[in-house]
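Next come two complexes built around subunit A: one with subunit B, the other with subunit C.
Presenting the complex of A and B:
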């Protein structure tokens, strides 16, 4: 695997949208060609070369290309968005839409991310070694297709409206979340190691939410149906199994209604 | 204004019976003329196809429900929003494009006129604001009447003259073009949680049937002698077995003769008939009823139809058929928007994905094509996608490719995941017909122009008609054989003339033209009863004052008024 290293030369005055910084666009390109790739800065379209020192070499395909981004990326959006293969490591905090619509490969952020990251993620591995903002792994505004595949792991806390309209894949949050976790969820798995605020699994149709900590206020649409012994993300423990959201429609399979499950660690 | 001479193109014009002959078309001062001076600018149309500008007979392109679709579907714009080089603005949206994109795209496809298919009278101002902002193409809008309390009350007592007087009043207040009727009685019944699924289901409280509403509106339309006929979206849209209700509704027009000074021959236009041509009792035993419906339509000379072709895209359904949208939401569970428009109508919106892997959607696709291919008279069958309900209008080139090439449509048919099911549920595979360029010109130009009562100026290339001309990069002697090439040729005109000005050149918009808003001013005898009823209903029920109801002229500054005089009719 070949590595291209981008080092930020100057922090953008507005926000720099780096939708093109992915192994997919970098693959097979020379450093000069990569430096010529454009992004949006307001209504202007500067080149990557204007903002980054670019070294290393890209691979022939996305899968053989690794991108390392250094410098303060707090004003950079869309890093790794829509990537399908290869690897990216961002050694900084970064702004919105990081890893949005990601389909494959591995994306690691060694810092915090802002909102709308991992939006509608469909595959691959996205690791955030910091905190995440709101709408992590959710659906785009108005859309009903949230995270559908892959693994999204946050070391710290995440904000509100995380995993809205999730339909598949797995999300692991090391810390706490605010309100509205897994709203409208219709598949997939969320593992929350810390505490949650209110309205967890509202209008959830299908899927599983595991909570290791506490929920500030439980929704009335969840009903305890028993206790189960489970191994969740490497931890064996006893959980109380709640079914829900009872206020929402649920599909039937072989005559049996399929409910969503909320597991609370005892 | 500048003069042009379009030389050596293959001209297709059903108005004059020209079938691809090489002919020069001269343009002066916005009109097609006999000849022009030697200073005229020459447009070389050698190896190209020349047709009149196309007319859209039924699309939802302006007004409150279109805009509600835009704001509640930001995701429709997210992946499809771009700025093309040149004078155009940002073009956003796929199934519910911005007004700017609507104008540009219609022009690029060779269209010069579009009919907004459903205008709620109370929100007519919004419709006209959007029409005014849509560049290049001329437009008009049809106010909806099929669930209007005035109409239900008058027609209950078979008061055709009062119905006509009320329609004339609404057309003037709303700057409307004609009479649209959506799910007659059903939308009103839905206020009671009910629907009218046959033409004999009574409307609660008003105690009238859809059959009485349809017949009454046809008669009132002919009483006034409007340029367009009654325009009907029938009961029981989109349900298996509905083809019987469709034929029952069409039969109501039997023995009614068209009365007008516009050369229109039909008394009933039945829209997006694909959605109304289903056999079977449920989605499992669903079959096409296109043959039965078209056998009837072909026999009846006083009917016109449009297809409503499913394009197999993700789109946004929107209609004044409120109960249907609620039903659709129950099927796909996607977000549902609904509004009730006081005494007049209602509307609903639900996003919809016509997934080609689903046998039902693929069959709907086939039914739409069957309708067009079974049509014996292309002057009475028009191609639409009921934009955006069956698909965005920007997919017309693809629909044309399916209709014009058996190879292209069979490739699509056979590559469906459930092809066997689609083939057995429909008759599409047995149809060999390929629509010719001449027939296409009838289905998209001359036919719709005649149906809308605009055949004096639109739909043909005869001397004296509007110089609305579309020139395509298609050599009829070497007609492309593969789908993508056909699509490409129809998607971007080589030239589009609107009123004698070049507005599009090789797919690039170069002029915004001078668009006009058409509406019909119908004069009737003074009718004290109707004016009294209007006053009373505004005082008792409407949320607005009567004086705030009309659309001021400032909302349609470039209006083209068509006058009809029914004051002497008895």
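Presenting the complex of A and C:
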């Protein structure tokens, strides 16, 4: 695997939109060609060469290309968005839409990310070694399909509206979350190691949420149905199984109603 | 001799009352009296004649004072600011006509700006919910003629939409509602005992921030499932009782306001209220409606929706595509994050409504405000351009809160030499064209 290293030369005055910084776009290009790729800075279209020092070499395909981004990326949006293969490592905190619509490959952020990251993610592995903002792995506005595949792992806390309209995949949050986790969820699995604020699994149709910590207020639409012993992300423990959201529609399978499950660690 | 102009549309709130009678002086310049309007609506007409109105643009000087300039100078300054700025916030639009908005959006497209309207700090969260789950709604005429269960949730029309209750929702006798108030059951759900609650048959006091939980409980009860003893301070028995009563309705409607859109969860509160409405349609006819504030904020959503597909916070900086993301392209976020370089405010007063931090950020950027009056925003602007009062001194299309278009009427002449929004924006658009043709970006 060949590596291209981008080092930020100057922090953008507004916010720089870099959805072209992915292994898919970089694959098979020379450093000069990569430097000529454009982004958006307001209505201006600067080249990557204006903002980054670019070294290394790209692979022939996306799967053979690794991108390392260094420097302060807090004002850069869309890093790793729509990537389908290869690897990206960002050694900084970054702004919105990082890893959004990601389909494959591995994206690691060694810092915090802002809102809308991993939006409608469909595959691959997205690791955030920091905290995440709101709408992590959620659906784009007006869409009814949020994260549908892949693995999204956050080391720290996440904000509100995490995993809204999630339909598949797995999300693991090491810390706490704010309100509205897994709202409108229709599949997939969320593992929350820390505490949740309120409104967990509101309007949830299908899917599983595992909570290791506490929930401030349980929604009235959840009902405990028993206890189960489970192994979740390498931890064996006893969980109380709640079904819900009983206020929401639920599909039927072989004559049985399929409910969502909220497992609370005892 | 003074004359009366009838069937005037009131340009104050989203109710757009269409039965106002205005007495006008025989020279067509002064409003002498207003009939039928509420106190706020009457004031909107009456202050047309108040002394001290600004009739020429004012430019900020180095010493902080304003100096009167010509419209041409003001138009040139505005056009140059728009062309130079890499990202401009064009916010407001809620108190102007749809025709003026359309011209404004053309300017935004040419200069790569972001168009946002007052929904951003008002019913924007309702619009997000509607984007997510749709909305089963109706017109206010249907409410008047059919509704026998009316729920006011987190709204207080007695103060914000003073004639809403008498024209549509509580008191009027309609085709199928011949008993008026007596034939309707009115619920008010709020965390405070408001003046609207005084008009209701039943007041349900919900603990602040527990609207989502209570709506969730209503939906759960509607499906016959078990509930905890109390939800948000409301006893379980009460919830079952109300839900059963709502199922018995011939036509029910939920009106909601800032109590839902700006308490914890925001769009999710509306989302679940819409879903409750949908659930109720399994038993009877039910509708839900946002109590829109500014008289033509609905119109701004309509025009933006028709032109770009999004009702507010439309980012046109890429010119070939319109983008919309609440939290990113919304005014307060743009200002707090200093994501824009210049501000263009029209027909609203963000200075009075935005968070202080956002306005501090705004005050550091080149700012133009187009407004008939001196307000909080004009005082932190570099340029204030006065215009004619839409709905009083010039007509134009507006949309009522139920998305019904109503053509507003011109009642009196504007002060001499004062341009209308349409005239001013057309001139700015023309100047922008000239600058771009001359090598601007």
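Keep this in mind: the second predicted complex is superposed on the first by the 266 of 266 C-alpha atoms of A that agree within 3 Å, B and C clash if a C-alpha of one lies under 4 Å from a C-alpha of the other, contacts with A are read in each partner's own complex, and residues count from 1 in each chain.
Convention: a residue touches a chain if its C-beta (ideal position, glycine included) is under 8 Å from a C-beta of that chain, and two chains touch if they have at least 3 such contacts.
All figures in this text were calculated on a predicted structure; none of them were measured in a lab.
In the superposition on chain A, contact is made by A:223 with subunit C only, not with subunit B. In the superposition on chain A, the chain among subunit B and subunit C reaching more residues of subunit A is C. In the superposition on chain A, A:183 contacts subunit C only, with no contact to subunit B. Of the two partner chains placed by the overlay, only subunit C lies in contact with A:245; subunit B stays clear of it. Within the superposed three-chain model, A:41 lies in touch with subunit C and out of touch with subunit B [touch as defined at top]. Using the contact criterion defined above for the overlaid structures, shared-chain residue A:148 touches neither subunit B nor subunit C, since it reaches no partner.
Of the two partner chains, neither subunit B nor subunit C is touched by A:131.
In the superposition on chain A, A:98 makes contact with neither subunit B nor subunit C.
In the three-chain superposition model, subunit A touches both subunit B and subunit C at residues 141-142, 144.
Residue ranges of subunit A in contact with subunit C, taken from their complex: 14-15, 40-44, 96, 115-116, 134-135, 141-142, 144, 165, 179-180, 183-184, 198-199, 202-203, 217, 219-221, 223, 245-248. On subunit C, the positions that touch subunit A within their shared complex are 85-87, 111-112, 128, 131-132, 212-213, 216-220, 222-223, 225-228, 231, 264-265, 268, 271-272, 275, 317-319, 324-328, 337-341, 441. Those residues of subunit B that touch subunit A in the complex are listed here as 72-76, 78, 333-335, 351. Those residues of subunit A whose C-beta lies close enough to touch subunit B in the complex are 139-144, 249.
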